[in-house]
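Let me give you the structure first, and then I'll get to my questions.
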Amino acid sequence: MLPLPALPVEPSVLLLWMDLVGIFIFGLTGGTLAVRHKLDIFGVLVLAMACALAGGVLRDLLIGAVPPATFRDERYLWSALASGVVAFFAHHWIERLSRPVMVLDALGLGIFAVAGCQKALAYGLAPLPAALLAVITGIGGGVVRDVLVSEVPRVLREEIYAVAALLAAIIVIAGSRLDLPDAPVAAAAVAAAFVLRLVSVWRNWSAPRAPWS
Amino acid sequence: MLPLPALPVEPSVLLLWMDLVGIFIFGLTGGTLAVRHKLDIFGVLVLAMACALAGGVLRDLLIGAVPPATFRDERYLWSALASGVVAFFAHHWIERLSRPVMVLDALGLGIFAVAGCQKALAYGLAPLPAALLAVITGIGGGVVRDVLVSEVPRVLREEIYAVAALLAAIIVIAGSRLDLPDAPVAAAAVAAAFVLRLVSVWRNWSAPRAPWS
Amino acid sequence: MLPLPALPVEPSVLLLWMDLVGIFIFGLTGGTLAVRHKLDIFGVLVLAMACALAGGVLRDLLIGAVPPATFRDERYLWSALASGVVAFFAHHWIERLSRPVMVLDALGLGIFAVAGCQKALAYGLAPLPAALLAVITGIGGGVVRDVLVSEVPRVLREEIYAVAALLAAIIVIAGSRLDLPDAPVAAAAVAAAFVLRLVSVWRNWSAPRAPWS
């Protein structure tokens, strides 16, 4: 048996907490959707965990932080598992939110985009690749969730989605350039992505379709 | 041209054989499903190979054993290719099994869960992450297969599936803690997962759905 | 912040250009399909980029060139982005090609298969694994594209597809064994795959289906 290879950059406490909260939120969306699809308890747990953990695992594979944090720190698993259990027993309350999957998904999108961008910058990626990685981290869980239940992922169907993740990334990158403190910048970026996404849905904003299509 | 990077842990003979047998079994499920979908010989080979190799490749990416064993040892490819050829020419006999895809899939699930767990432990993962990796390795090939033919993966639809992989992982982890010899523990774990899965299908066990769903 | 880890092999100029052109071509197929599915500008950009970048990212993950070139060299992103913008505004002209997605996809398939094979050989893979990696790189973008819009990937549905990528790989491997210069071999291999794929579609070649299926 082998010790795990050391990480080139230790994760900050802020990143750890964003990951744990983002995992829980995204897991709730997967679990809620699974309950709606009449899956049993095990199907709910699998979909919740897949959707909670996919974005972060993909991020860590792409920046070379292997094994991913999910396999290094057991709190990741407990957070994902808890989200599935909560979705299973509390979906009755979750469904009282208007459009709960959309609202929770918007929050998870913002949190994971910020976490993806911070970790990418810490691993030395340039701003543009870091923004791409932020978008991938943000949308990853939702894409896996929607593909697994055979739906076209909402990142393709809905107007302001990847753009919300991109906005979060731009704020994080600007904050890092200006040497602003991490935590307030992260909070502002999550809030900006979340609000932009929700307002776009509530106001029914639409983006242009191709001319002559 | 470059020599391949050395692996931190040389694979054991037991792991190699489990991989080769698991690849062949999983390839048969993909090939059989492809024949049922009326795919031609090339479609059969592609689906057989994708489904044979996906779980192990994913496992090796996640533990950092890169390039994955599939790209280091040509026997992996020959086993996957052979499974596609056999499925193409012998599907008539395979179909005489009652529900052949389900039965073969149950066996592959057990073998890959055990192989995934052993390799994860050898690479230094803690028990809980090793169990998650075992489940991912076990279900990976089947998820890829079902998504490629646009079906909801059976890990989401069927009651006792991920749980069977988890049972195999628990037996391997317990055996490793108790310093029992690898081969009999592996055999017991594969058998336990296989039997649990089959019995659950034959007895039509069902897991609870969410209350008020 | 951390400097990016050095690559074990610097990419050749030929490989860089094949990657950039292949990305643009594959992105056009994704963008064109997105316009047909009536997606808005953001959906078009996301599908174009996913499909442009997926094959190369997967290739680099599998050979251990991490972070993948896409996250090291901003030209990859600009090429992918440009393909989406062009597909959005010029789809009217693109559609004048007979079966534009198929034709562009055939060209991208050849280019990426050759790029995948060359990079795999440079990283020390043996010929057979290099050929498998070539096929994965060639088909990766198209599989992602088709799965995201809930279609069965064309690599499974169409007779001569993976085989065209394999032909390109065989030519590259033979050229490398015979120490022929890279650029003409690459051109011949791309042309062979492209022509084989187009002719098979135009002549409606079909491969055998399983007996008694």
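Read from first to last, the chains carry the letters A, B and C; within each, the first residue is number 1.
Rule of thumb we're sticking to: a contact is a pair of C-beta atoms (placed from the backbone, for glycine too) under 8 Å apart; a residue touches a chain by one contact, two chains touch by 3 or more.
None of the values given here were measured: they were computed from a predicted structure.
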Next item on the list: Mind checking the rotation angle between the two copies, chain B and chain C? C-alpha superposition, nearest 5 degrees is fine.
Entry: 120
Checklist line | Equivalent interface positions on chain A and chain B, same or different at half | finding: different
Item checked: Chain centre separation in whole Å, for chain B relative to chain A (CA means) -> 28
Note to self: Where in chain C do residues touch two or more of the other chains?
What the structure shows: 61, 66, 147, 150
Notebook entry, point to check: Any idea which chain C residues touch chain B in the complex?
Noted result: 8-9, 61-64, 66, 120-126, 128-129, 132-133, 143, 147, 150-153, 155-157, 159-163, 206-213
Notebook entry, point to check: What residues on chain B touch chain C, complex-wise?
Noted result: 1-5, 34-47, 57, 61, 66-68, 70-72, 74, 77, 88-89, 91-92, 147-150
